[in-house]
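Next come two complexes built around chain A: one with chain B, the other with chain C.
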Partner chain A sequence: MKQSNLKAWLYLLPAILFLGVFMVYPLIDVFIYSFEEGYNSASQTVFGVGWYNYSYVLHDPYFLRAVKNTLILVVITVPLSTGIALLISVGLNSIKPLKELYQTVFFLPYVTNTLAVGLVFMILFKKTAYTDGMVNLLINWFGGESVDFIDGPYWAKMFVMCFYTIWVVMPFKILILTSALASVDETYYNAARVDGTGKWRIFTRITLPMISPMIFYLVITGFIGAFKAYSDEVALFGTNLNAAGMNTIVGYVYDMLYGDSGGYPSYASAAALILFAIVLTITCVNLLVTRKGIRY
Partner chain B sequence: MKVRLEHLTKRFPNRNKKIKTEVVAVSDFTFEIPDGKLIGLLGPSGCGKSTALNLICGLEKPTEGKVFFGDDDVTDLPPENRGVGLVFQNYALYPHLTVRQNILFPLQNLKGEARPTKAQMLEKATEAAKLVQIDELMDRKPSELSGGQQQRVAIARALVKMPKVLLLDEPLSNLDARLRIQTREEIRRIQRETGITTVFVTHDQEEAMSISDLIVVMKAGVVHQIGRPQDVYNKPNNLFVAKFLGTPPINVFEGKVRGGVLTIGEDAVLKLAGVDDRDVWVGIRPEGFLLQADGPLCCKLIGVEVMGRDVSVVASNSACTAETLRAIISSETQVDSAAHEVRFALRPRKVFLFDRGTEERIPYDVR
Partner chain C sequence: MEKRTDFESIERSARIRRRTLKTVTYVLLTVWGLIVLFPFYWMLLSSVKSYSAYNGEYIPKFFTLAPTLENYREAFTAVPLARYFLNTLIFTVCTTAVMLAVTVLAAFAFSRLSFRGKNAAFAIFLSLMMIPAELVIITNFVTITDWHLRNTFWGLILPSVTSVFYIYLLKENFEQIPDELYKAAKVDGTSDMKYLLKVMIPICRPTVITITILKVIECWNSYVWPRLITDDANYFLVSNGIQTIRESGFGRENIPAMMAAVVAVSVPLIVLFLIFHKKIMDGVSRGGTKG
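And now, the complex of A and B:
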């Protein structure tokens, strides 16, 4: 017994070592930074210990704007992307010819580089001296006014950001949901057919509950992913997100560390821990709902 | 409800697309199921019995032929309009619904005037649950039930709409031996109480023999014999049916008829009438052997197994198609297990002759 315990620890050692050095220790450090007031990384000096960093971050209009942006992004993209992915997956699952081709097409964004995709979106949406962009051409075609989606009004920028996020996260969700749908035992559908169940009822009463674990999984990871959004925004609006008014919480943390106004690890740590608290709360709520939702 | 199948044929395209020939699952199945009877569809795995069941149910469309319920042609009707109840081999209970919700499910699908009120639905569900004796488990989830209980829920769900025909696909295959015997009686009782025409599929001949009014023996999509279980056992149409029914299985010998005498190996065992001189397969049921010191059939004794009620004598004979043959004799008979050989007399009614080529049974009289 003792012997095998020792062996188990030995096997775990490399992972524990790396996780400890590169994850646990920095986490603790971040926690400590967030309470050290006036920390100076060059001289390694501190004025005192307290809640000032949190108070500063929570009163910083840039941070509040970042929180607002992130929340809008989360609330819009998570339900929409999951819903659309579900629709597409059900469609994919019910067709036979060219199914593989469509699956590949829908999966392409997943293997494409974020920045490359961002460039494509720029071409689609950006207004330059020479052209108004593809989307504006379409809008003009239908008789609308051109809108500057990249440097224009807030709602337009938010629209592009949400549209982009949904488009980027879709392939993974479709992949998961199509395999979840395919794994539902055919006999349930046969049983339902013999009992004369309507199509909509089969979907809501059998298919949805059967794949609900996967849907919950996607919603939870979707929430976490959307809260951590940053690189997509850079791809669309450039590195100065504060100027564009499209910063996210992670973007704010980055700016506080390395941005033009950066060099404040304490503020960055406080902001990161606030994000952590938000994500943790939302995830716990999600898990509670999940536990009530699936029981079999 | 009487069910009539006329020249029912189902062909599937070959799974390997390069092979153009089709797989025939059911071939020219013609049969009338009398009203209110329990029918056992019996055959080895992959013989097309489940496909036959699906054709009756409507989950599969026949390639050729017709299905009638009473006098109505239902061949083109989808399953929900046929009024059938189907119990699946793995029960297919919805895992996220309670027993009550599972039983209610078919009722909640009804629309318009056929749809009962909520109170009526609950009453019907309780009635069905009482019939299969699971009314105390109504609030459990399927995962909290034993295999036998799940089976009962599946039957209740199939019965709650009072189907005209109840179909059961391998209803006992997922149960342990003891539960199987109990459940098959249960199925018999439920069928008697409701009087619903019932068809069940099984590969276990004992199961089919024990509770069916009629059995249908199938092999490779072709029906080999239809009849009352005892009739089929006593008068098998061919060698396959004879081999498939009965435990322990029938013993098959190479034999020949010469001048009205049936000979196995060197031993002249029976005097027959009405059979020309020819080579035959001789099938002898285990209970067809009588231990007799001067019996005509001489075999090498291998062992004696005492099983309480009777004794099973294991022996070998060079003319037997199997390595060993098995005879069941009453335990009152003394067998000398140290002896090297045993001699048997045969009960003529337990001895069947089959053509060497077609394997059809050759009728004969005893002289």
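And now, the complex of A and C:
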């Protein structure tokens, strides 16, 4: 028994080593960093211990802007993408010919490099001296005025950001919802049809309740994902997100850590922990609502 | 007589309703399909337009009559795109290989061996799944810097290896293999390692392939960690390369060349996806997320 114990731990050793060094230790360390005031990475010295880093971050206008941007992004993209994904999945589930083709096409954004495709979105939306860009051409067709979506007004930049985020998160949601819809037992539908139930009623009374756990799952993962938005914004607006006024919380963390304004792991840690607290709170609230909301 | 016509008209209107619903569905799906595909079409199209043609079009054209591969030559010569590809390939292959070894060993221990503290250890592993990468990346950055591993492949690979989720996925799959097989192998005097390699992995090959592909996608698209840990262009991965091209470009606003680079970066994964789309979609729906 002793020998087999040892052997088992040997099998686990690589995983434990990797997780210990790159996950468990950093997790503890990030708390320590966030309370160390005036940490200097060159001399490894600290002035004291306290809440100063948190207060600095919470009073930093860049951080507040990042929070605002992130919140707007979350509030717009999570419900919208879940709703559209539901619509598309219901559509997908009701057809037979070409279904697989559509499914494959819809999943394509998942496997593409978001930085690379983000560059294409930038080209499509950007207005330069040479061209108004593809999207502005469409707007002009419908009689609108050209807008610079990349360097222009705030709402335009926010629109591109939300649009691209939805484009990126859609494949996952469609995939999860189509498989959830497909797994609803056919007998419920047959029973309802025998009773002469209308289509809309079947959808709201049978389909929605049956797939509601999956919808809630998507809303929760959607919240978490949107709160962590960063690389999509870099792809659209460049690495200097503060200059573009489109920074996100995660972007703020990385900027504090590294880059032009970097070198402050303490501030970065404090900001990361604030983000973690926000996400954790919202996830818990979501879970509570879910527990009350799911009714079969 | 009257009743029959009534019945027919009801049926006809139902048929019409069904048909309009079907049409609306297809229109909706096609619209979304176009939104998904259009950026891909646009990058492909822009990448084969010549520099002068592209910049000459104040109103962009939806097609080109004189496609050119000049931009691809430019993309691979003006910036070290081939270098970025090689780096990404090395990074992806090494990370995935180490991840597989670590994952298989851990999943084997959790699924087949019995030892003290197994349940507690597994619970701790599972709880680690909830730790967001943003929280640990700060210390990892400091650790790798302290180890003087910035701008090395080790620095890129080591923190990217661990994936608790894959251990969990593989463990679940390993557990479905009947115990009798293991006992039979033990009676025959097969060692644990040999049993793992010759029996378990071949049986669970679909799952192993799935996690391999998911990891490859993750590696190919990773941006944040490589950006933090490399500032020497010799170690840039494709994502960082693309971003550099975007920031400093080809010396001028050479968008067609930029798009050629984008196409080159996107093609490998799209090909991989087209070959394995069933496996990838299956793997993702079993719990992969895009964080």
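Just so we're on the same page, the second predicted complex is superposed on the first by the 277 of 296 C-alpha atoms of A that agree within 3 Å, B and C clash if a C-alpha of one lies under 4 Å from a C-alpha of the other, contacts with A are read in each partner's own complex, and residues count from 1 in each chain.
Simple rule for what comes next: contacts are C-beta pairs under 8 Å (C-beta built on N, C-alpha and C of every residue); 3 or more make two chains touch, one makes a residue touch a chain.
Quantities reported herein were computed from a predicted structural model and do not represent experimental measurements.
Placing chain B and chain C on a common chain A by superposition gives a fit, with no clash between them. When the two structures are aligned on the shared chain, A:F125 is found in touch with neither chain B nor chain C. In the superposition on chain A, contact is made by A:N190 with chain B only, not with chain C. Of the two partner chains, chain C is the only one touched by A:T239; chain B is not.
Within the superposed three-chain model, A:G198 lies in touch with chain B and out of touch with chain C [touch as defined at top]. Comparing chain B with chain C, more residues of chain A are touched by C. Judged by the touch definition given at the top, the superposed model places A:F63 against neither chain B nor chain C.
Between chain B and chain C in the chain A overlay, the least Cα distance found is 8 Å. Of all the residues in chain A, the ones that touch chain C in their complex are 4-5, 7-9, 11-12, 14-15, 18-19, 21-27, 29-30, 33, 41, 84, 87-88, 91-92, 94-95, 102-117, 119-124, 128, 130-134, 137, 167-170, 172, 175-176, 179, 221, 224-225, 228, 230-231, 234-235, 238-239, 250, 253-254, 257-258, 265, 268-269, 272-273, 275-276, 279. In the complex of the two chains, the chain C residues touching chain A come out as 21-22, 25-26, 28-29, 32-33, 35-37, 39-40, 42-43, 46, 55, 57-60, 101-103, 105-106, 108-110, 113-116, 118, 121, 125, 128, 131-132, 134-143, 158-159, 161-162, 164, 167, 192, 217, 220-221, 223-224, 228, 238-239, 242-243, 246-247, 253, 255, 258-259, 262, 265-266, 269-270, 272-274, 277, 280-281, 284-285, 288-291. Against chain B, the residues of chain A that register as touching in their complex are 185, 187-188, 190-198, 201, 205-206, 209-210, 212, 294-296.
Across the interface of their complex, chain A is touched by residues 57-59, 78-81, 84-86, 88, 90, 92, 94-96, 105-106, 109-110, 141-143, 157, 161 of chain B.
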